[in-house]
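One structure, as C-alpha cells, below. Some questions next.
Each chain gets a letter, A, B, C, D and E, in the order it is written, and its residues are counted from 1.
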Amino acid sequence: MARRRGNLAGKVGLPPGSLLHVGNTYTHSAEVRMVCYDSESLQEKIVRKVEELTSQRAEAAVSWISISGIHETGLIEKVGNAFRIHPLVLEDILNTDQRPKLEDYGDYLYIVLKAFRGLTADELESEQISLIIGVDYVITFQETDQDLFKPIRDRINNGKGKIRKEGADYLANALIDVVVDNYYVVLEQLGERLEDLEEGLVADPSRNALKELHVLKREMIYFRKALWPLREVVGVFSRSDSELIQQTTLVYIRDVYDHVIQAIDTLETYRDIVSGMLDIYLSSVSNRMNQIMKVLTIISTIFIPLTFITGLYGMNFKYMPELECEWGYPAVLVLMLSLVLGMLLFFRRQKWI
Amino acid sequence: MARRRGNLAGKVGLPPGSLLHVGNTYTHSAEVRMVCYDSESLQEKIVRKVEELTSQRAEAAVSWISISGIHETGLIEKVGNAFRIHPLVLEDILNTDQRPKLEDYGDYLYIVLKAFRGLTADELESEQISLIIGVDYVITFQETDQDLFKPIRDRINNGKGKIRKEGADYLANALIDVVVDNYYVVLEQLGERLEDLEEGLVADPSRNALKELHVLKREMIYFRKALWPLREVVGVFSRSDSELIQQTTLVYIRDVYDHVIQAIDTLETYRDIVSGMLDIYLSSVSNRMNQIMKVLTIISTIFIPLTFITGLYGMNFKYMPELECEWGYPAVLVLMLSLVLGMLLFFRRQKWI
Amino acid sequence: MARRRGNLAGKVGLPPGSLLHVGNTYTHSAEVRMVCYDSESLQEKIVRKVEELTSQRAEAAVSWISISGIHETGLIEKVGNAFRIHPLVLEDILNTDQRPKLEDYGDYLYIVLKAFRGLTADELESEQISLIIGVDYVITFQETDQDLFKPIRDRINNGKGKIRKEGADYLANALIDVVVDNYYVVLEQLGERLEDLEEGLVADPSRNALKELHVLKREMIYFRKALWPLREVVGVFSRSDSELIQQTTLVYIRDVYDHVIQAIDTLETYRDIVSGMLDIYLSSVSNRMNQIMKVLTIISTIFIPLTFITGLYGMNFKYMPELECEWGYPAVLVLMLSLVLGMLLFFRRQKWI
Amino acid sequence: MARRRGNLAGKVGLPPGSLLHVGNTYTHSAEVRMVCYDSESLQEKIVRKVEELTSQRAEAAVSWISISGIHETGLIEKVGNAFRIHPLVLEDILNTDQRPKLEDYGDYLYIVLKAFRGLTADELESEQISLIIGVDYVITFQETDQDLFKPIRDRINNGKGKIRKEGADYLANALIDVVVDNYYVVLEQLGERLEDLEEGLVADPSRNALKELHVLKREMIYFRKALWPLREVVGVFSRSDSELIQQTTLVYIRDVYDHVIQAIDTLETYRDIVSGMLDIYLSSVSNRMNQIMKVLTIISTIFIPLTFITGLYGMNFKYMPELECEWGYPAVLVLMLSLVLGMLLFFRRQKWI
Amino acid sequence: MARRRGNLAGKVGLPPGSLLHVGNTYTHSAEVRMVCYDSESLQEKIVRKVEELTSQRAEAAVSWISISGIHETGLIEKVGNAFRIHPLVLEDILNTDQRPKLEDYGDYLYIVLKAFRGLTADELESEQISLIIGVDYVITFQETDQDLFKPIRDRINNGKGKIRKEGADYLANALIDVVVDNYYVVLEQLGERLEDLEEGLVADPSRNALKELHVLKREMIYFRKALWPLREVVGVFSRSDSELIQQTTLVYIRDVYDHVIQAIDTLETYRDIVSGMLDIYLSSVSNRMNQIMKVLTIISTIFIPLTFITGLYGMNFKYMPELECEWGYPAVLVLMLSLVLGMLLFFRRQKWI
C-alpha cells in the first residue's frame, strides 16, 4: 500500500523542486477537464493541450481545471509552468505522502488534503487532493480518475445554489466541503462496523473479532492522521487575510470548519469506544477461561477422590477384610454418593454452580 | 440509534443551506407556542399560523417562541424567514448531529446544545436544543414534545424571581440553566449506578457487571461529547461583547458557567473511577481463577499419588511379595495417610490453605 | 455519602439565588462566633442575634465572624443581608457541592474551598469552607462544629506572630493556610498507608490489598478534585489587584501558593506510585498462578504415566506373559523409577524446580 | 552502546568549556575536507594543516569545511580557534550526547542534530552532526568517516539545482535536508518491519515476535528523542531573524520543516500501531491459552468419569452382583457411550467444539 | 525515609516564618566554612562564630559561605539575621520537603534544589541544597557533611577556569552545575541497571526482576519530582532581569539549562523504556504459563485415554470375551500405540510440539 510503502527514500539528497512522482502507480491516462462559468454562461471541455488552458480561459468569471492522474509528471510540470506555480508546490503535488497543509504564495493558495472513498473489508481507500486557488481559477489534482467532485459539477450545471454567482474562493470551499462530507460517509461506515462488533463481542469473543477490532483501530489511526491537520488547514483558511478570499465566503468556510471539528469529535469518540471494546474483549476472554477452568475443576474434584476409592478396593492384597464383607460394596457406594453430595454443597457455597 | 445512525452521508455535495432534517423521526405534530411578557403583562398562546408570530408579537417586552418538533421542515423554514435567520443556521437547527456551539450573527445569537432527559437501563436519552436570541425575543427549537422548559414557564407565570423584570438575554440564560441542571440529574443517576456497581464488583465479578460497566463507560463518552464543548459555548456567552447581552445578566451567565465546569469535573471524576473499577474487575477475575486453580491443584496433588499407589497394588503380577503379607494393606493405608499429611503441610507452608 | 449523593437534582429550574441547603444534614445547632481585634485590643463572643454583628463590630480593626452550621438557612440569609452579600454567593455557600473558586465582588472577595479532616479506614472526611473577605472583616462558613481554625484563634489570643498587627487579608490568608496545612496531614496518612501496602503487596497479593488499593485510589481522585482548583484560587488570590489585599500580605499568600503546588506535586507522585502498585499486584497474581500451575503440572506429569503403567498390568487378560515372569514386578518398579528421574531432569532443564 | 553509556559522569565539576570527547571511540583518523565554490568556480581539497583553512579560503563565495572524526580533540580545538568559535560550542561538538538544538552566536549559528544511517537487526545506527553556519562558510562535524553528505557534494560538482548560485545558508539547509531525508529511509525500514510483524503476530504469537516488538518500540523511543527537538530547531531556523539567513532561503527551510513534521507524524502513527500490536499479542496469547485449556478440559471431562466407572468394576469385593451378570459388561459399555455422547452435547452447547 | 515521612503535619497552624527543622535528623555537628577570593587573593577558613561572617568578609570580591547541617536551627537563624534574610526563606531552608524553586527578594536570590548522591540497591540518596545569592556573596546550605562542592573548591584553589575572575553569580551557577552534573551520574546508574534488567527479563521473568523494576520505577518518580521543577528554576534564572546577574554569566546559565533539559529528556526516555519492560515482563509470564499448560495438556491428553483403556480391561466382569482371546493383550497394546501416534499428530498440527 502506498501509504506505508512510498519511495520517499529514493529522494535522499535530490535538490528541492525535483519533480518525481511518489505514490501508487495508476495506469489510466491523465485527463484535464476545464469548466468555465459565471452566472450567465457555462462551458465545459476536455483539454488536450495544456496551452488551451491559458488561451481559452479568459472568457468567464471562474475557471475550474480538474486534473485526474498526477502520475504523468510531464503534464503536471506543463500546467505548473502555465500558471507559474512554484517548483516546491509541484513537488508536493506529485508526492502523495503529504500532510494536509495550506500555503499562501500571494498570487495563489496551495491546499493539500486527503479524500477517503470508503471503508473496504480491511482498508480505507484514500487519495491525495491538491488545490491551487487563484483569483479567478481553481486547479484540482487527483490521483485517480474517480469523479469525486461530480456533485459540484452537477450544481454548476444545474445552476443550483449560489455557486454560479460566486467566485473561485466559493468554488474551492465547495470542493473542500465535498471531501469533508465524504469523511462522514467513512465515519458512518466505521460506526456501523463498531456497533456490529460490539454486539458480537461480549457474546462470543472470537479471534476474528479481535482481528476486526485491530483493523478498525489501525484504519482509524490513518484516518486521524489525515483528519487532524485538516482542522488547522481549514481553520487557517477561514481566518485567512488573503485577498483571494472574499468576506462573504468566510461564513461558508467556517461552516466547513465546524464540519471538520465535528468529524474529529466523532472519530475521537469512536477511538474511546474501541479502546473500551478491547478491555471488554480481554475481560470476556478471561471470563471464558474462568468458566472452562470451573468445569474442569468440578469434574476433577468430584471424580478424582472417587477413583481413588475404587483403586483402593481394586488392590490385590490377600488380607483386606472389607472385601469379604457382604455389605462392603453397598457401603462404598454410599460413601461415594455422600462424597459427591458434599462436593456439590461446597461448589454451591463457592458459587461455582 | 440516531446518534450513531444519522443520514449525514446523504448530504454529500448538497449546497450549504439545504434544509434537510437529519436525526430521529418523530410522529407527533410540531407545536409552536408563544409567551409574551414584561413585568406587568403576560400572554401565552399556541400559534397556528407562522404569520401570527410577527403580527402579534410586538405587544410585550420579551417574546419566547418555543417550537417542539423540528422534523416539520416547512415550518422551520417559515419561522426562519419570518425572523430573517441565515439559511446555514436553519440547516444546523434541522441537523441533530450538531456539536454544541455559539455563533454571533449580529442581530441574533445562535446557540445549539444537547439536553439529556435521564439514563435508562442502557442508554442516555438526549435531544438537541437550538436557541435563537434576539434583542426582544428568544426562539427555542426542540426535537420532542416533552416539556423540558416547564420550570421556566412556571416561573414566568408565577412571576417568581427576576425573570419577568429582565430581558431576552436573561430568559435565554435561564433556559440554558435548566438544560445544565438536567445534566446534574444524569450525573446523579450515573453516580448511583457506579456506587451500586462498585459494591457488587469485588464480591462477584460476573459478566453482567462487566456489561453494565461497559454501558456506563460508553454513555459517559457520549455525555462528555455533549458536555465539553458546552464549556466553551457558555464561556464565550459569558465573555460576549454582543449588544444583545446586558451587563447585569453576565453574573448569572457566569453562574451557569460554574455549573458546567462543576459538571465536567464530576464527570471526569466518574471516568477516573470507572477506569479504576475495570482494573478491579480484571483483578477480581484473576483472583477468582487463582482460587479455582488452587482447589484443583490441592485435590489433584493429594489424590493423584494415592491413586498411583492403589494402581501399583492392583497389578496382577504373580510375584508381588507385599500382596502376600498380612500387614501389607494396613501399611499401605498408613503410607497414604502420611502422604496426605505431608501434602497438607506443604500447602500450609505455601499459604494455599 | 454527601459528595456522591447531593440533591442538586432537586434544584432543576429554580431561579438563581434560591437559598436551599444541598449537602449532608447535621443536627448540631449553628453557632456564630465573633472575634474583634487589633494590635491593642481583643474581644471574643458568641453572637445570639445577627443584629449584634453589625452593631457591635465597629470597635476594632479586624472582625472575624465564624459560622459553624450552614444547614440553618435562615441564619445564613440574615448574615448575608447584614453584610449585603449577593444572593448567588449565599446560594453557593449553602450548596456544599461547590468547586473551589474565588470571586471578586468589589466590596468583598468570596472564596470557597474544601477542608479535609483526615483519612478514616475507607474515606476522606471533608467539609466545605466559605470565606467572605471584606475590608475589615472576614466571615467563615463551616458545615460542622469541629473547631478547624483553633490554631488561628490561639495565635490571635496569644498575640503570637504578626496576626494581631495585620488586617483582614492577612487573617484570611492564615485561615486558608490552616486548611492547606491540613492537606499535608492527609497526604502523610496516604503516604503511610501506601508504604504499608507496598511492603505487603509483593509478599502476599491478597484480595484485601486490592480493595485497600482501590479505596486509596478513589479517595485520591476525590482529594485531587478539591486540590487542583485550589491552585488556581490561591494563584488568583496572590496575583489579585483587589484593593482589599495589601502589598505586604502578597508574600504570605505566595507562600501558601507554594504549599498548594507542593501538595499537588506530592499527590501526583502518589498517584504514579499507586498505578505502579496495581501493575505489581497484577504481576504478583500472575506469578502466583504460575507457581500453582507448576506444582500441578509437576505432580500430574510424574504420576499420570506411572498410573498408566500400573493400569496396564492391572488388566485381566488371560495371556499376558510379563505377569508370569518372576522379574516382572521389579522390572516395572525400575522402569517407573527411571521415568520419575527422567521427568525430574526435564523439569530442572525447564527451570521449574 | 554509546547512547546509553556515555562518560558524562566523568565531567562532574569540570569548568564549562573543558574540551573532552564524550561518545564512541573510533580509530579512523580524522579528515578535514574543504570545498570552495561559487556559480563560476569550484575547488575541492583535503586539508592537512588547519592554517590552510583560513589562508586559502577567501577565494570563493562559499566554503564548506567538513570534518569527519571528532575524537581528535586537538584538531577540533584548532579549527575552533581559527574560526573564533565559543569554547562552550566546541565542548558541545565533542559531546555526542547532545540534544538537537540551534544557538545563535551573532557571527555564526550553531546547529546540532542526529543523523541515522539505518536500522540493523536490533539497533538504529546514529551519529551526531554539528553545523557551524557563518556568513560565507559552513563547517560540518561528523563522528564517523561515512560520506553522509555525498549527494550534496555531487550536486555541487555537477552544478545541479540552485546550490552553486546560493550562499552558505542554502548549503546549510541542503545539508540538514539530507539528514532529514535519511530519517525517511529509517521510517520506511521501520514501517516494513512493522508490517511483517503484524502479519505474523495474530497467526503465531511467538516469543520472538514479542522481542522484535520490544526492539522496535525501544528504537522508536530513541528515534523520537532525536526527532522531536529537531522540529523546534528547524522551526526556529525557519523563523530566524539572523542576518546570516537570506529571505529567499526561508521557503526552502520551511520545506525542510514540513518534512520534519511529516516524519514526526509518521513516527507517532507507528507508535500508535505498535501499542495496538502489543494488545493484539497479549490477546492472542490469552486466546491460545484458552484453546489449550479447552482441549485439556474436554479430554479430562470425558475420560475421568469413564475411568471412574472402570475403577468401580475393577474392585475386588466378593459380593458385587453386577459382575456376575452376563449383560453386565455390555451394559457398562452402553452407559459409557451415552455418557460420552452427553458430554459432547454439553460441549457443543458451550460452543467449545 | 525522610522524603515520605516528614513531620510537616506538625506544622499545622504555626505562624509563617516559624523556624522548625523538617526532615532527616543527622548527628554530625554543623560546620560553617567561608572562602573569600578574587583573581588575586584567596582565603579559606572554618568559621566558629557567626559574627566573623560579616566582620571578616569584606576583604575580597566574592565570599562563599557553605553551611553543612541545617538541623542546628539556632545557627541558621543567626546566619539569617546576619545577612538580613526573610523569615519565610529561613523557614524554607529548614524544611527539606521543598519543591525546587527560585525567589527574587531584590537584594538576594533564593534558590532551592535537590542534590542526588547516587543510587543504592533500592533508593536514591538525596539532600536539599539551598542557595542565597547576594551581590558579592553566595551562601549554600546542605543537610549532610558530604563535600558535594569539592570540585568547585578545587577550581577556586587551583585558579582553574574563569571562576576566580568572575563574580558571585558565576560561582552560584557553577555550584548549580555541579548538582546537575551529579544528576547524570544517577542517570547513568539508572541506565546501566535498566540495561542489565532488560537482558534478564525476557530470558527469566522472575519475581526479583519485577521487584527491581518496581524499585527503579519508583525512584524515577522521585527523581522526576526533583528534576522537572528545576527546569523552570534554571530557566527563570537564565532569563532573570535581576541586577545580581551579569550579562556575561547568562551564556553559562543557559548551558546549565541545556543540561537540565537533556537530563529530563533522558529520564523520560527511561520511563518509556521501563513501561515497555513491564509489558514485556507480563507477556513473558503469560508465555511461560502457556508453556506449562502445554506440557500439562500434552501429558494428560495422551495418558488419560490410555489409562481408561487399561481400566476397562481391569474390570472384573465374568463375561468379557476379549479377555479370553490370546490376541487381546497385543491388540490393546497396538490400539494404545496408534492412539498415542494420533495424539502426537494432532499436537504437531496445533504447533504445540
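In the analysis below, a contact is a pair of C-beta atoms (placed from the backbone, for glycine too) under 8 Å apart; a residue touches a chain by one contact, two chains touch by 3 or more.
Keep in mind that what you see is a predicted model, and the values were worked out from it rather than measured.
Hopping across touching chains, the smallest step count from chain C to chain D is 2.
Taken together, chain B and chain D share the touching chains A.
Centroid to centroid, with C-alpha atoms defining each point, chain B and chain E lie 42 Å apart. Per-chain Cα centroids separate chain A from chain D by 26 Å. Counting partner chains per residue, chain C has residues 282, 286, 289, 293, 296, 300, 304, 307, 311, 314-316, 320 touching two or more of them.
The touch graph of the protein chains shown is a ring with every node of degree two. Order of chains around the touching ring, counted from chain D in the direction of chain E, is D, E, C, B, A. On the chain D side of its complex with chain A, the touching residues are 150-152, 154-155, 160-163, 174, 177-178, 181-182, 184-185, 188, 191-192, 195, 202, 251-252, 255, 258, 261-262, 265, 269, 272-273, 276, 279-280, 282-284, 286-287, 289-290, 293-294, 296-297, 300-301, 304-305, 307-308, 311-312, 314-320, 350-352. For chain E in complex with chain C, the touching residues are 4-6, 8-9, 11-18, 86, 88, 97-99, 101, 204, 207, 210-211, 214, 217-218, 221-222, 225, 229, 278, 281-282, 285-286, 288-289, 292-293, 295-296, 299-300, 303-304, 306-307, 310-311, 313-316, 320, 322-326, 328-329, 332.
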